[in-house]
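All remarks here apply to the structure that follows.
Residue numbering begins at 1 within each chain, and the chains themselves are lettered A, B, C and D in the order written.
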Amino acid sequence: MKKIRVFVAGASGKMGQEVIRSILKEDDLLLVGASDTRHQGMDVGFVAGTQRVGVDITGPLDIDTLRSAKADVLVDFTNPQSVLKNSKTAILAGVVPVIGTTGLDEAEISEIRVLVEKENVGAFLAPNFSIGAILMMRFAKESAKYFPHVDIIELHHDQKLDAPSGTALKTAEGILEVREPMVQGHPNEYEKIPGARGADLGGIHIHSVRLPGLIAHQEVLFGGLGQSLSIRHDAFSRETYMPGIILSIRKSYELTELIVGLDNFLD
Amino acid sequence: MKKIRVFVAGASGKMGQEVIRSILKEDDLLLVGASDTRHQGMDVGFVAGTQRVGVDITGPLDIDTLRSAKADVLVDFTNPQSVLKNSKTAILAGVVPVIGTTGLDEAEISEIRVLVEKENVGAFLAPNFSIGAILMMRFAKESAKYFPHVDIIELHHDQKLDAPSGTALKTAEGILEVREPMVQGHPNEYEKIPGARGADLGGIHIHSVRLPGLIAHQEVLFGGLGQSLSIRHDAFSRETYMPGIILSIRKSYELTELIVGLDNFLD
Amino acid sequence: MKKIRVFVAGASGKMGQEVIRSILKEDDLLLVGASDTRHQGMDVGFVAGTQRVGVDITGPLDIDTLRSAKADVLVDFTNPQSVLKNSKTAILAGVVPVIGTTGLDEAEISEIRVLVEKENVGAFLAPNFSIGAILMMRFAKESAKYFPHVDIIELHHDQKLDAPSGTALKTAEGILEVREPMVQGHPNEYEKIPGARGADLGGIHIHSVRLPGLIAHQEVLFGGLGQSLSIRHDAFSRETYMPGIILSIRKSYELTELIVGLDNFLD
Amino acid sequence: MKKIRVFVAGASGKMGQEVIRSILKEDDLLLVGASDTRHQGMDVGFVAGTQRVGVDITGPLDIDTLRSAKADVLVDFTNPQSVLKNSKTAILAGVVPVIGTTGLDEAEISEIRVLVEKENVGAFLAPNFSIGAILMMRFAKESAKYFPHVDIIELHHDQKLDAPSGTALKTAEGILEVREPMVQGHPNEYEKIPGARGADLGGIHIHSVRLPGLIAHQEVLFGGLGQSLSIRHDAFSRETYMPGIILSIRKSYELTELIVGLDNFLD
C-alpha cells in the first residue's frame, strides 16, 4: 500500500504535537517532515513526547523542503500570520494543504481558491475538525424542521474571550437556513436583569457559560409540545479533533479543488 | 378547502381524549365520529374536557357507522383485543386506519396488509408517534457510523414494568444495522455486582432507570477520542405524541398501501 | 389519633384542586372546608376530579365559617387580592394560615407578623413549596464555599414572562451570602452579541431558557480545577409542590409565630 | 510565616507529578524532598515538566531521608506494595503521612492506627481527594432523607475494569445509612435482557457506563412526586484532586491521630 506522505507545519505547538502523535499511529500515513520556529533541529518525536521518529524539525516552510520531502499533504496548525503563505507555498509545490489554522479572511480564502484553480492542486480548510461538533450542527439543522423553537447553551472554560462561541453562531446560522422567521418566547416576556434571555441571533437565544474546569461543550435544546430534544457535544481534550484531521488527510490528498468544511467529508 | 374527516376509536381513553382535543384545534381536520365502550351517548367534547362539539360517542365500530360518518381516516387507540377487528372494519368501509394501539403481532399485521391490497385502501401503523423520539433514533443511527461506541440510558416512571423500554431496543437495533460487530468496554472488565454494566444487545449496553416523578426519557451517549456526543429526548406528557398523530392523519388519508413507522412521513 | 383539620381557600383553582386531592390521601389530615368564588355549593371532591367527600365549596372566607369548621389550618392558594385578608381572618379565628399564594409585600408580611404576635396564633409563608428546589438552593450555597465559580441555567415553558425566575434569583442571593465578592470569567471577555453571558447578579451569570414543552427546571453549575459540580432540579407538574405543602401543614398547625420559608421545616 | 515542609513519595508517577506542580504554586508549602524508583537523581521540577526546583528525586524512602529533609508531611502516591511501609516510616520519623495510594486493607489501616497512637504522630488517608465528589456524596445522603427513590449513573472511560466504581458504591452506602430499607421500582417489573435495571445494592440501582473519551463522571438521580433532583460530578483531569490534596496537607500537618476521609476536613 502506498502511504500518504504528510508534512506538519506548526509541529511544536500543542495542536501540532497532538497531530504528530496521531499520524504516527496510522498505518497508511507517513510523517515526512515537520516545521516550526521552535525546537528546530530536534527530532519531532521527542518534541511531541513520544519516541524518536527520525524526522527533525525544520525552519520556515519553502517549496524545496516540501518537494524534497515528497509530501502529499501539508497539515498547517501555525498562526494567522503564517497560514496564507504556507498554504500558497504548498500548492505551488504540488502539495495539498489541510488548513487547521483559523484566521483566514474571505479575501485570503479567495486567493487560495484562485491559486488552487491555476495550479490544479487541491486544498482543504475547516473551521472545526471535530466530527462530533459537525454532527451536532447537522442534527440541529434537521431537528429545526420539526422543532422550530430552540435555545443554544454553550459552555467553555473561563479563559475564552469571545461569547457566543464560533460553533454556537454557526449552529444558529445553520438552523436559520431551514426555519421560517419567527420570534421565540412570550411576546410580553421581560428581563428583570438585562441579558437573562441571552444573545439573540435571528430569534434564537444563545447562552454562554464560562467556568474554570470546563473545556468545550454545547447543547442545542429544542422544545415542542410536551417534549424536548437535546443534542449535546462535549470536547474533553485536543484529541477530539484528531479523527477529523486524519479523515481530512485521507480525503484531501487527491483533491484538485478547494473544499471548505469537514461536513463535506462525512456521508 | 376540503377537510379530512376523522373518526376516533377509543375516544374515552386518556390518549383518545388527547387526540380529540388535538383534532379540534386543526383547521383542516373535521371530527366526524367517536366510539368507545365508555360514555356512550355523551358528547365527545365534554368527555375530553372541552366544550360541546355535537358528536356523540357511539358503541362498537361497524362499517355502517364509518360509512354514514363519511370518515376518511379512523384513528385507533383502543386495546389489543379490538385493534385488529377495528382496522379491518375501517378498510372494508374504505376508511384508512391510523393505528396507535400497540400489541399487533406479525401475523395480524400481515392480515392487514393482505386486506389493504385486496381493497386498495391504505393503512398506517406506528409503534411510536413521537417525532422527537423518531429523530433521536435517526440521529443515533447516523452517529454510529462515526462513533461506534455507544451506551443507551433510558429513564421512566417506576410504574413501567418492562426493561429495557421498546424505544431503547429499537434504538439499539437501528445502530446495529449500521455498525460493524464489536465488543465495547475493556476485555477484562468485570462486574462487582451483577447487572452494573446493564443489558447487552449486540454489544450495546442499555441502562434502565426507574423512578417516581419521571415520565419517559432517553439519552443515547456516544464516546469517541476526547469527546462525547449525546442525543436525548424527554417526553413530559401525552401531548408529545400529538404532532406525530396529526401528521399521520394528514399523510395517511390518501394512502393505498400499508405503511409502518412514522419515520416514513419525515423527510 | 387526632387528625389535623384543614380548610382550603382557593379550592377550585389548579393548585387548590391538587391540594384537595393530596389532603384526601393523607390519613392524619381531615378536609373540613373549602372556599372559592367558583363552584360554590358543589362538592369539592367532584370539583377536584375525584369522588364525593361531603364538603361543599363555600363563598368568601369569614371567621364564623372557619370556627364552625373547627379548622386547625387554612391553606391559601387564592390570589394577591385575597391572601392578606384571608390570612388575617384565619389568625383572628385561631386558625394557622399556610400561605402559598404569592404577591404579599414586606408591609403586608409585617402586618401578619404583628397580628400573629398579638393573637398568639402562628402563620406560615413559603415562596416555594418544592422540597427539591429548596434542597437545590441549600446545596448550591454549601457548594459555593468550595467552588466560588458558578453559573445558573434556568429553563421554563415559553409562557413565563419574567426572566430570570424567582428561584434563580433566590439561588444566586443565597450563594452571594457565603462567597467573597468576585468577578467571574476572563477580565477581557467580550460579547459579540449582547446578552450572551446572561444576567449578572453580583458576578453570578444567570441564563434563562424559554421553550414550549418545558415545565420548570434549573441547573446550578459550579466549575473548579479539572471538574464541575452540578445540582439540577426538574419540576414536571404541580404535584412537585404537594409533599412540601403536606409537610407544612403538619409542621404549622401548632405554631405560635410567623415562619417564612420551607427550609425551616427541613432538617 | 512558617511554611509546611512537604516530601512527595511516588513523585515520578502521573499523580506525583501533578502533586509536585500543585505544591510549587502554593506560597505556604515548601517542597523539601521527592522519591521514586524512576528518575533518581534528576531534579523533580524537570520530571514534572516545570522548571528546576533544586530538589532531586531520591530512592526508597527511609527515616533518615525524611528527618534530614525536616519534612512535616509525606504525600504518598506510590503503589499498594509500598504504601504501608512508607506510611510507617513517616510516622516513625515524626512526619504525618497524607496517603493517596489506594489498596490498604482493614488490617493495614489498623496497623497504621496503632502506630499513630504509639508515636503520637498523625496520619491522613482518603480514598477520594476530589472535593466535588465528596460534596456529591454528602448532598446525596442529605437528599435521601426527603427523596428515598434514587438511581446512580456513573460514567467512565472504557479502560476502567471494575463496575460499579468505588465512588458509586460509597455513594450508595452513604444513602443506605439514612434511608429506611425499601424496594424500588414496580414489584412486577421484569428485565427483557438481564442487567437492564443495573446493579442492586440494598435496593439502589447503579448503572455503569463505559465509553472511550469519557473521564470520570457520576450522576445521583432522585425521583419524587412530579419532580427529580440530580447531583452530578464531572472530573475532567487529575487536577480535580489537587485542591483536596493541598487542603489535606494544610489540615494534616499538626494531626496527632489517624483521620480517614476528606469529608472530615470540609465544614
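A few remarks follow.
Here, a contact is a pair of C-beta atoms (placed from the backbone, for glycine too) under 8 Å apart; a residue touches a chain by one contact, two chains touch by 3 or more.
In this text the structure is predicted, and so the values were computed from the model without any measurement.
Here the chain-to-chain distance from chain A to chain C, counted in touching steps, is 1. Annotation: the chain A:chain B pair of sequence copies touches via predominantly the same residues, more than half of the used numbers being shared.
When the interfaces A-D and B-D are ranked by C-beta pairs in contact, the top one is B-D. Between the two copies, chain B and chain C, the Cα superposition rotates by 180°, quoted to the nearest 5. Work out the mean CA point of chain A and of chain D, and you get 37 Å between them.
With centres set at the average Cα position, the gap from chain A to chain B is 39 Å.
Chain geometry summary: the mean Cα position of chain B and that of chain D are 48 Å apart. Residue positions of chain B with contacts to 2 or more other chains are 213-214, 222, 224-228, 236, 240.
Under the stated contact rule, the graph of chain-to-chain touches is complete, every pair of chains being in contact. Residues of chain A touching chain C in their complex: 149-151, 153, 155, 157-164, 169, 184-186, 188-201, 205-214, 221-228.
Chain B makes touch with chain A in their complex at residues 130-132, 135-136, 139, 142-143, 145-147, 222, 224-243, 266-267.
Interface of chain B with chain C (complex): residues 213-215, 236, 240.
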